[in-house]
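Below you'll find the structures, each written out as structure tokens.
Two complexes come next, and they have one chain in common, subunit A, joined by subunit B in the first and subunit C in the second.
After this line comes the complex of A and B, so read on.
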């Protein structure tokens, strides 16, 4: 499939113009930052090893903010526009105007990914983790890969849904599981081990190790989990797209 | 040059036959109207664009650039016309400045207005301009003038002239013949039993008394019932008519789901159409016997005729006429 840069650019501009004319889609990333700031002012400052628990407030806030942004914003920002376009019958017009599925997905993905990356970086000062001690390239690579997984999950939901209501309904259980990852990890060690094998768990690990002033070490598990999640979601996405198309009736 | 040729095309969906016996040639610059339902029209568009393949028959395509517009198609309501069309200009790779076309499509005063604030007429013209940016050989448009105002219709027809000047062929589908009369030169009606039937059209000012007197040849077995709509006269073959109903002393031809008034009285029509298998089943009804599928007797003195494909249409049959009908169709 030969993709046209001109058309990807046109779809990208379309998405940007739609975002600017209707800012509601930016609500979730902004809310992630706001929520972390508010929670930070309400929660007591607890540091490593205090009271025998390996817990850090800033680490918890950062992992919570990351999951909130990557999972909720990532999935909703990619599933909602497709579902909305189907509901308002604008997607058919676009797809019959010689725009290929690949061009649509790439053009739509770029602004979403940029917003998610920016928010992920802004979450560092918002959560109170010292900015200077963050290995920024590692942090950006891991959070970006996780954001890509969320965007792909959102696309899968968008392809299956006929309208926005259905997209929200399908997203809810997935978001519930993903957003409860940081909390569930603190409750049960066995559960924490299982959650380490999800991309949400990898984000939580990253946030925690950074907040304890430890240098995050790339490890086989996290890398495999992230890449595995990416390839699995990409595989499902390609399968669902080939089976249903973008605007199936 | 023919852009698309359909030969005995049939399409089934979920074991249901949606279209059959489609024979049509779409030539360059032609403006064709087909009276059919939206569902039939959507399937036809998919066949023509190659989105689906026919269950049987053959489609020969000489055109690759086809633009379609369905009634339900939406525009990005949050964008202005200018932003919306600029995006599609980029997608189409159209090089000329859009400003050249603002006047042609009557969008000058609303160029920077949000699409959500536009009227239906204006949105239809925006869609038409969007399609024209792709310089299509063929446009497939579904019911563009449904719910349009008189002014909106005029401006839409004016914008169509631009597309015609670019040699684009246009195929319109609509449930209403009146709409197709305004937009097309050739009109067909889709009948699910017969397929596509061409409707004879002639402009109101084309028939002059001299034409009639100077013509020496007059065929004996040709008869068409006429109905005047707008500035055109439509000719219906007797076999296309399901029945004729007299409403307030005006004879109305019932064809499919539509009524067409005619100047002829019921008696005149009875006289002309008896030879074509029509029968005066009631003072106010003249029925095409070929279309009758059932005779139902609800009581001793009450009879009703039900027509093929119209189970809800029940025509009264006078008791006095029953015997006459029995003789006619020998049952």
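After this line comes the complex of A and C, so read on.
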């Protein structure tokens, strides 16, 4: 499939204008940063091991903000615009104005991904974790791959949904599972083992190591799980897109 | 000889057991405005959706710009324009930004946007958000967007519905201009005056079946069954005469004595033709 850079750029600019005209779509990433800052000022600053604390305050806040941003913002920022375009009948106009599905998805994905990456980085100073304590390249690679998986999940929901209400309804249980991954892992060891094989589990692993002030170590499992999640979500996305189209009669 | 830009052969569409289109045939040539007339639910929008690759036919064949409609892709979409009742606008964007987005997609110079906005009377409203436009203004914006790239084929589903006469006139002038430049226009309308004024050929659609197909003039003449003449004499007397030897002699007499002021043939309009053919009103 040959894609046109001009059309990708046109979709990207359209998407940016739409984002600027509706700042509510930026609520989740802004909320993630705001929440981390507010909670940081309210919670007592403790280091790992200090007063029996199993994790540091800043590490905990970073892990919370990270999962909030990657899972909730990633999925809602990609599912909601597709559902809105279907509801307002603009997606069909785009499709019948010579835009290919691939051009639409790439053009729409770029601003969302950039916002997610920027938020993931801003969460580091917001949480109070010194940049020196973060393996930055590893952090960026893992959070970016996880953000991409979230965006693809959002696209799958967007393709499946007929309108924004349906997109929210379908997203809710998925978001609930993803955001509860760190907590669910503490309940049951067997469940924790299973969750380690999800991209949310990998994110939780990274966040956990930051919470405990441990150095995160790249490992085959996390790498395979992340890449596996990316390919599986991409596969499902392609299947759902081919089966349903973007906005099919 | 003008090229056939739309060709439809034995096209049928069924939704479950219900036939929406029954074996329809027609063609639209370069520089022709083709009117598709029929009451609501007669299959007009279904035809547009099939011809624009948005819906698959059950049987038969249709070609747009020489390509089977099943194979319509981006290269064809770059050469056609579509306006249907489902053509949405980006309501949170301004009039101008709604058009610039598509100008970039379709590789159209920005100067064309200003020209079009001027033509459809939206130039003063270019910085207004689309959500703040009236229904008529939104329709004009949708039309401008479809005409932005000067398409070879333009599909219009009730394009002037709800528009004031001045804007309708401006739209008609634009359509005439597109036609002069070789665009084939496929137009569905309820407005019989519009069809008579604009269309080179019309097809009358009833329950998914084309019941008549010709130029508006030919159709009205064909169904001028009780030939009548409307006469106005110099003494301000108005009368209707049915075609007969006596009537011709009478008219001849008035002409010789310079008593005749006006004479018109009373052929039916398209609405009456439709009623005559189907027994149904065109609503």
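Please note the rule applied: the second predicted complex is superposed on the first by the 226 of 249 C-alpha atoms of A that agree within 3 Å, B and C clash if a C-alpha of one lies under 4 Å from a C-alpha of the other, contacts with A are read in each partner's own complex, and residues count from 1 in each chain.
As a working rule, contacts are C-beta pairs under 8 Å (C-beta built on N, C-alpha and C of every residue); 3 or more make two chains touch, one makes a residue touch a chain.
Not measured: the values here are computed from a predicted model.
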item	value
Simultaneous placement of subunit C and subunit B on subunit A, clash or fit	clash
Which superposed partner A:18 touches (first subunit B, second subunit C, both, neither)	both
Which superposed partner A:41 touches (first subunit B, second subunit C, both, neither)	neither
Touched partner set for A:190, first subunit B, second subunit C, both or neither	neither
First, second, both or neither for A:217, with subunit B first and subunit C second	neither
Common interface residues of subunit A - those touching subunit B in one complex and subunit C in the other	6-7, 9-11, 13-14, 17-18, 21-22, 88-90, 92-94, 96-99
Subunit C partner contacts - residues on subunit A that touch it in the complex	6-7, 9-11, 13-14, 17-18, 21-22, 85, 88-90, 92-100, 249
Subunit B partner contacts - residues on subunit A that touch it in the complex	6-7, 9-11, 13-14, 17-18, 21-22, 88-90, 92-94, 96-99
Subunit B - residues contacting subunit A, complex	49, 67-70, 72-79, 83, 87-88, 90-93, 130, 134
Contact set on subunit C toward subunit A in their complex	49, 52-55, 74-75, 77-78, 80, 82, 86-93, 97, 101-102, 104-107, 145
